[in-house]
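Structure below; questions to follow.
When the chains are written out, they are named A, B, C and D in that same order, and each has its own residue count from 1.
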């Protein structure tokens, strides 16, 4: 086993086992110790098959190639009941372009297989973005007019997770308690993600690089692009994180992924109430009050098979409370 | 008719008609021309009846006193099919305290009359916050431990709206297309709110001052307090705003209020797509793409009878597109 | 004041006050004592304006004419805190035809203003049904093929209610705790509906006759037709019914109207648990168990501004428990 | 491989591989040809561990033993893209008792891990039902009073399905497009269930016998009991059934399993519209109209990780339209 190395263009026929399309259900491709770091690359959510401005999504055979993950990685120090801490040291677009799409019956502002109607789909579209890492921009060129917009480059991974509990195996298109396709722009370089470990070795996957993404990812896709990323791992032993959490220099965050969206909200906020209670020593109800006045609550995605909502609390309010034993600061030094 | 003047303590028996508990269904208390300004005061959401640290919500008779509104105001220039622009020039807490509460079966993290279960309610609670306008803080003192936290003072109005369409009359506890109890922290001083006019004179109400509020308002109440506020009005003739919009120096925003929360999201985002298309001249689908990559999407409230989600677009991305003819800049000068 | 008499064709210009389009917000058109009966007529949900097989919904100006109600009726014996019992003695289609429609962005299997998308609407359609009261059939003739189907005639009223609480006024298109547009086929002749009284005289409205309706009313409209109906009233003093209940010879039923649909379910089922506990004397949890194994739970409507779910318990299981003092049996004799 | 034979009491230590707790992810325990029949037995949802009237759910270690399935069975004639037809010839309770429970944070009228709140759970409870197959009754004895009720015995399987698509593996507690824990009382003896085949051999599981169940299964559990069941299999080649369908002598039915519940409704009803169009030859919109007036729409479950709604159409209305080539009638003869 060795860390996957993606040669472009990708020849899936040559190495059909290179990529992973599920959380759970597949053997590790490599072992990475914790503490330790991993430098690898991830394909974009279309496995590189949408790569020209003149293409439409239906011009490529995407069936069976959606949201390929790099991994899974076996972290020997991670045992069921632990928490895997994953710090994103760098996330750098591999190419100078990314694509976003309208795919039939996919997105927040269309009927979908989960919310079907009898209406016709919206038309297909593909937007080919220029990515300029030097200028720090991604450029949208409108398809039906001459408009052009420079957005800030803000690279992130939409899909980050471990093998689920109860022997379940979930598509890489789905988010849940194991992480997965949460599609939150908070997972940028500098962030640490905490994931409860369900199986020996955690079996960590990631992928779905976005050069940037709006909150909600309304059309169903961000500026999808391949990434070269370095992540650092550590393990918090004997502490299980029920739903994915994120820490940055400024915020601690909880996530909930569920339908309807108020249930994703309920999960993120109850998780934060319990976490605040735990790290401050306040009662559950005082912590509820604290969160009620202090929280920021962005929608992460409104388009995946279940929706993700994030609850953020500024660390400045916490008076130095112990967050996972300071592991975020430690991981920054790896 | 003259602008209501609230004398503290309020004697409801003396002037039972002073306050309003619905949007629609009540005659105007005063006429305010547009363009023009209004300086008035609003009671807090408990009508001043929860005003000591040792109280519980059930110590006061709140039935029939929840979320009193100041108004309605008749704006003679506002006709059905127009848009009323309301700019918040200043929102200043009247007292040096505010209260937040846990009320039985009210809030995001409890069962409610809308989402009932057979469980017992959470215990009642009242938190009495100190408000220090000089230092710019509101102070939470935990009830069950010695913890104390200073949050940033960030005054806003939770409830802002006009008479609904179709002769409906809605409780001031409900948000909807007419505005109402949206409970978004975006309605702070400096913001302009755009509301579609449904009846002659618009019949504008507002109230529900919050010294600050977390996004979602999880426990059901913010730091509730009486406010002295100055608002400036103007009218955009012959342009109807279907759902409330907000403009600040930095952002344009749409709102949606609905259950389940994904439908509030769908409303806010479709409204933004249509608005971006209108002000940029891009096609609907290019605007959908633009919003997908550019939007910020905070939850406003997850606790009212229906939920509110906000979609925000940075004005810096819009290249000087015409937003309501520049009325926000004009209102800042009133 | 006298009982409205509808002369066909209706001349709205001559008598613009004849019909009502809200629950609450309008003075009574007539007084009906309880106990007592009322024979009157109701227009169909399109106010008679869609009345030929070759029409489309857009061929008529329906704006302001949707779901006209007959009433409100003032029942002098009904005081706030009481329950109004309304027994449907007969519901007879006035004409030999009814219509069902596809209206843009209305129905369960299309996007709607409450669940918007960016898709185009489904095409408009009008189906003109023959109603044969002698044979007991309504006949569907397909529009795009030669198919024809005879369904059982099963007349009912989709909209039945009283003035809402808290001075609210709701459109007749909306169901809620006051009744309103519940659209359940259970409200056929032989059924008694129990409604909590919120204002003096209850202010009872009804309308929206359906020659038959499927459970859910997927396309948004049933076989809409004018009805000649006789209802009997009685009042249960000092007992408030929080959400509408229905009794037939076979079943007792509770209703819940809310979004998302699971919340309508939660309301209907918690209401039934509490009701079973009250009439059997069992504990809350034993009643929960009883309902869990005994309930039938049809969806009433999935198309109105909020959805309605019904919970039904066979009276045969109740061992003669006292249901509203036997008022259903009494009302059958009026 | 041979058909599993359950010896009571079950010794899981002796045969840990006897039962299955997922759909997908496990090798077949036996091969059954189609056409062909299978007589086997299923454990109850608590794996027989709750078996005395004086127990509470927490008296048994249920972790890892919830909802055991018998299977999976490999049907050699079933290939991906086919439909597996499963006819329930007989479903007979193995014991003279069944149990229903209140488990902490499980059920429709409590907060749950999917819809969390900060409230305490409802108390635990276990109801021990007598089952009298001769009299055809199941008997509820209240726990907190002397009440006793005889309900009609109505045996069914709550969980019936095949391996999911896309290499996913789902817990037996979850329903979905593969079937699974749909918990509809329609799956009684005499019913044929149609399931789309995703993998070679279909890998059919079933279990979760209910002596009876109310629609919605509000408390989270039905009258749970072990069953001796005979099922007949056949395969419809080259026709894929996207969501489970059911046929009885009287009805054809579609199912949808999703959150929120209106999405389960939308799936069931769109599936029925497409199916009616297919078997009658009517257009999509005429079929929509047909379903709108003809459908019965019971809620199946409101308690599982996603909810299930059923749409039923009387076969009498279909004029002998071809339903899966008459396979239901054929399977009755096996």
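The definition used in the following text is that contacts are C-beta pairs under 8 Å (C-beta built on N, C-alpha and C of every residue); 3 or more make two chains touch, one makes a residue touch a chain.
A quick map from chain label to UniProt name: A, B, C, D = Acetamidase.
As the structure is a prediction and not an experimental result, all values here were calculated from the model.
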item	value
Pair of chains joined by more contacts [C-beta pairs], C-D or B-C	C-D
Euclidean distance of C-alpha centroids - chain A (Acetamidase) vs chain C (Acetamidase), Å	47
Centroid spacing, where centroids are CA-atom means, of chain B (Acetamidase) and chain C (Acetamidase) in whole angstrom	34
Centroid distance [mean C-alpha coordinates] between chain D (Acetamidase) and chain C (Acetamidase), Å	33
Residues of chain A (Acetamidase) engaged with two or more neighbouring chains	109, 115-118, 122, 259-260, 266, 270, 273, 285, 288
Touch-based graph of the chains, sorted into line, ring, star, complete or other	complete
Residues of chain D (Acetamidase) touching chain A (Acetamidase) in the complex	21-22, 24-25, 114-118, 166-171, 258-260, 263, 266-267, 270, 273, 284-285, 288, 306
Residues of chain B (Acetamidase) touching chain A (Acetamidase) in the complex	100, 102, 107-109, 122-123, 125, 127, 138, 140, 142-145, 147, 149, 151, 212-223, 259-262, 265-266, 269-270, 273, 280-283, 285-286, 288-299, 302, 307, 309, 311, 317, 319
Residue numbers on chain A (Acetamidase) that touch chain C (Acetamidase), as the complex places them	109-111, 115-122, 260
